[in-house]
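A quick write-up on the structure given underneath.
Letters are used for the chains, namely A, B, C and D, taken in the order the chains are written, and counting of residues starts over at 1 for each.
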Amino acid sequence: MAVRVGILGATGAVGQRFIQLLEDHPVFELAALTASEASAGKQYKEAAKWRVNTPIPDDIAEMEVVGTDPSEVGDDVDLLFSSLPSSVAAEVEPDFLEAGYVVSSNSSNDRMAPDVPLTIPEINAEHLDLIEVQRDERGWDGALVKNPNCSTITMVPTLAALDQFGLDRVHVTTLQAVSGAGYDGVTSMEIIDNAIPHIGGEEEKMETESRKLLGSFDGAEVALHDAEVNASCNRIPTLDGHLESVFADLAEDATPDDVAAAMREFPGIDLPSAPDQLIHVFEDSSRPQPRLDRMRGDGMQVSAGGIQATANGVKYNCLAHNTIRGAAGASVLNGELLVEEGWI
Amino acid sequence: MAVRVGILGATGAVGQRFIQLLEDHPVFELAALTASEASAGKQYKEAAKWRVNTPIPDDIAEMEVVGTDPSEVGDDVDLLFSSLPSSVAAEVEPDFLEAGYVVSSNSSNDRMAPDVPLTIPEINAEHLDLIEVQRDERGWDGALVKNPNCSTITMVPTLAALDQFGLDRVHVTTLQAVSGAGYDGVTSMEIIDNAIPHIGGEEEKMETESRKLLGSFDGAEVALHDAEVNASCNRIPTLDGHLESVFADLAEDATPDDVAAAMREFPGIDLPSAPDQLIHVFEDSSRPQPRLDRMRGDGMQVSAGGIQATANGVKYNCLAHNTIRGAAGASVLNGELLVEEGWI
Amino acid sequence: MAVRVGILGATGAVGQRFIQLLEDHPVFELAALTASEASAGKQYKEAAKWRVNTPIPDDIAEMEVVGTDPSEVGDDVDLLFSSLPSSVAAEVEPDFLEAGYVVSSNSSNDRMAPDVPLTIPEINAEHLDLIEVQRDERGWDGALVKNPNCSTITMVPTLAALDQFGLDRVHVTTLQAVSGAGYDGVTSMEIIDNAIPHIGGEEEKMETESRKLLGSFDGAEVALHDAEVNASCNRIPTLDGHLESVFADLAEDATPDDVAAAMREFPGIDLPSAPDQLIHVFEDSSRPQPRLDRMRGDGMQVSAGGIQATANGVKYNCLAHNTIRGAAGASVLNGELLVEEGWI
Amino acid sequence: MAVRVGILGATGAVGQRFIQLLEDHPVFELAALTASEASAGKQYKEAAKWRVNTPIPDDIAEMEVVGTDPSEVGDDVDLLFSSLPSSVAAEVEPDFLEAGYVVSSNSSNDRMAPDVPLTIPEINAEHLDLIEVQRDERGWDGALVKNPNCSTITMVPTLAALDQFGLDRVHVTTLQAVSGAGYDGVTSMEIIDNAIPHIGGEEEKMETESRKLLGSFDGAEVALHDAEVNASCNRIPTLDGHLESVFADLAEDATPDDVAAAMREFPGIDLPSAPDQLIHVFEDSSRPQPRLDRMRGDGMQVSAGGIQATANGVKYNCLAHNTIRGAAGASVLNGELLVEEGWI
């Protein structure tokens, strides 16, 4: 039976990706679209400037957009995906949770809150039980689950695969696509024939979120993984797909072949949007490349390549599609996990 | 009095930069241009497909190109700049050295040879005395000096500034411009909306050349610096200017302010092509950027920015123009040092 | 029943597109792959550097590549698609025709030969009967059909729709993608932050091929359409999709609405690779755009937009995917027409 | 003796170009910088986000920005350059004119007003005498001169050179750089791997402004040139430099050589910012190219190339730097003409 879902902030870039991913979804049926007051009351096709490279689905085009308020979203909606700007989300998400909605949110607020599960289903599905703690502490009927930042998601599956070798120190440098800043986030004058060595707040997100994702959960709280993560974030003139260069110090010996095997064999999860294999490992050291590899597994697979030994561990590159695996697809996958685990 | 110079491999991309830099040079007078046999005998303007963004100098346009052979370059030429492909240079440079020419070479062969000085004048001018060792061992009348790879030069001045704080481990990831691969090196289909996480041989060059440049010289040999350098090299859709993200572990405490001061105060050198200040440090954490900052100091200054503390030291970004400070300008500066130190 | 097909020049950029388009084709079964002698005998995955953004089909990856010679292609192959360089095609295609093969060729040689049909199935399918003339004159058992150049195909469907209003003079300027020059055709140094106002031979192709495509066929020869076509061709930093600005003088009055209707209603054709509608007309004057619209109709639909009246007719923009509708897909569609019309 | 000048709208992209061009100007001394109320009272370096690739001049960095109001600009300023948005300019420029200032404006308002001279000094310096008419009609003490739109300026010098052959009909298609839309005008998501076939209002500007520039002036009014100009405007992923493909019908016979000679010999003007030669004509049909040729004549020279005969005249390409010759430099040159002609 279909689960009725809504999108909070449906007109933006990530909102449009949600609509694209939910078209023909086997479980979710799109039943509500919210946006700011200026758009409320309009048909979706009037409210949104559609920029995704597949046509807007006909039935969605005609749907009426409502305000981002619990009173405007129908009672028969079971799950909300949120792609609101984090400042807006910080104000509005609690209203939906008090009203009893389950929210799978891509917004960055509250990701590090002790009682909010931050999950990648293949990595730490068990953290979802933080919802019990959350309900106790906040008195909410609903439930709030977050997915990490796009640059964090790209790296963490590979780090999880390395953890069996004693993950110790990590140095990661990102080459991030412009879509990560939203449709209007990076001007052409800023980025053509250029690169920008700074993305506000991004490094701290990578350094903290990754340790929560890899942390252990004892039923009451998540203990951050004790690896030291150092991140340097750069924007480059690429449309989609974050490429990252990782150096990982390992406590135990592991050859590049061991590491490749650990990545390839890292278990996936049986959910509709999950790729068959979580991490694809290239033999060709010139891969992964953003344009060629971002759509592997319909944009949900992570790729790695160029694995080489260093004095203290390994270095390699990894890649994921930042607005699919790194944003809208991440929230949808968390939504599927919520259904699978019986929270909806 | 003018020093008469020649360019080995004058028609290629770096060769053209040499011509641009030598136009109106206060010391050097361009007297010989060599190229492959196919070009020998032609006027330079016929032999080269000129692609630099300043017009080809009139007198150079009419000069006859000769073969890359000592018998074709006049005896009255005192110094040769080499931008030959390394496989060609490995064969041809010894001929010129036996014939008594002084060669300042940008080609990558022999950079790590124990008796070949690898120099950046501001960093290790004293290594030039390896020429004595070289002459003893090889029996050459001439002298061979190398400058490091473009990606190495971008980083090493900043590492040299950090060395007073006990430089220990370095993790560097590069975002390199397409011009580093030569004019035809990267196709547009390969790099538009893309990035390539591999540049053949580049990582090893950075990891070894940097330790030689920072090494100590006792008059007989260079002891490599004992820092561990780990490099990951990427190509991005930028025309000129390599941007690098560096993490440096330091043995001693140093705040970002200490590091910024050490970089700003790192001594320059009094040579015609040297910038007044070797390293410009930006306060603005979104700088340096390749397009905005590569031409600082006429392309000879290194920039740094985004200096932040890490658990074991600092992280920061640095930038240099890869075909000026990182190639042709590097060789010219070494040539100026050779004159200054009396080797010519 | 499946028609067995081969690809002449299967390892190049267009050859790879052929393989992508023929995977899961309802009528064609790929049975032969040819390449230069250097590749003959290798498995396809070894011979080709695969650069298309979908994985190489497993069965094709293992196929053995043979030389581009009739003796090497099996007798049981019914139809050959050719994406050979035109100089090679001019030498080799006649051998295949003498040997009795039917060849649907994308190569530019012989497109304007009086006895060679140059066809776009929706525009001038009836020209296919030139094959009778061709066989009479050349004594071939086989048959040679050509599709036009990518820049011609982009424009001609819209001109065909205008012809009812008395197409008179045409001025067209192209903004062409780099893939039109082949994978290695345009270097990144040539085109990033740049445009090139010249593509060798392209303007003449547009000016002549379009008049043959729109010409009338009396069963014996094609009379060129008497419109005057003036073309100016430019390369821009876009990967795929040629955008063209057209000014068309019309003998009769036609409003932009008349023209839009004529384009929308222009009849398609019932062939497997043909789009439902040949020309999509946008209301939004900022469309079509290469990245957003090149994949309409799986890359086989032409788009138009920005239709406005001029003193003597109309101006508008049009777009098509240059390596699908403009190359490999064009040949496949001609192949489907050959089957449909009973030539195979 | 120096003429003291001010810039209206000094913090924007064109405003920054004005500052760059006025640094070390032989005649003009920069004495006033205006911006919106939000910036008034700040030092220029605080008010403007400096993005030009030369450092901000030290003395300008410290200058105080004032409001865009005649009462705030000193009486000792003789000439104002305006780069205000046209809607703001339409409101504010009259205030300055009533207050007696001479204004050389790049803003698009009033360009086609019958009593406002629209001038390119090399083309129609004599139109400046419209100032007499303007003063009569408007009762202003000051004087308002406009320069045309960047896309118009690129083409008009070449059309002026053709006029001796009876310029009749023109079809022009532009490939315009993103800087033409201002620093934030085109997002990276809009233009990377893309092109946009529409620039609001641009085609009409080219079609009308060019006829005014080429029109004849009888001392009382300008009669528009009777050529028919048809324009189609496109945005491409280029930073600076508009490239245009022109088809010109000519009443008289003129070979490509005649046309090239007419362009080369078109007279320049003796003003400080004017190039020695107005139009550079390339023999190489692959030129002009934006990145290679936009800085010819310090960005003030127009380039042409690819001249070929058509049935009714010629076709060719032309190029100019859109924010120098096409904007700030155009206003500065008009300012120099105002001084030369004694209006200041």
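By definition in this document, a contact is a pair of C-beta atoms (placed from the backbone, for glycine too) under 8 Å apart; a residue touches a chain by one contact, two chains touch by 3 or more.
Chain by chain, the UniProt names read as follows: A, B, C, D = Aspartate-semialdehyde dehydrogenase.
All of these numbers come straight from a predicted model, not from anything done at the bench.
Counting C-beta pairs in contact across C-D and across A-C gives the higher total for C-D.
Relative to subunit B, the most remote chain by averaged C-alpha coordinates is C. With each centre defined as the average position of its C-alpha atoms, the distance from subunit B to subunit C rounds to 47 Å.
Inter-chain centre distance (subunit A to subunit C, centres taken as mean C-alpha positions): 41 Å. Multi-chain contact residues of subunit B (touching two or more other chains): 51, 192-193, 237-239, 291-292.
Interface residues of subunit D facing subunit C in the complex, by the touch rule stated above, are 171, 173, 175, 192-198, 228, 230, 232, 234, 236-239, 243, 245, 247, 285-292, 305-306, 310-311, 315, 317. By the touch criterion stated above, subunit B contacts subunit C in their complex at residues 13, 51, 178-179, 183-193, 237-239. If you check the complex, the residues on subunit C that touch subunit A are 51, 53, 192-193, 291-292, 295.
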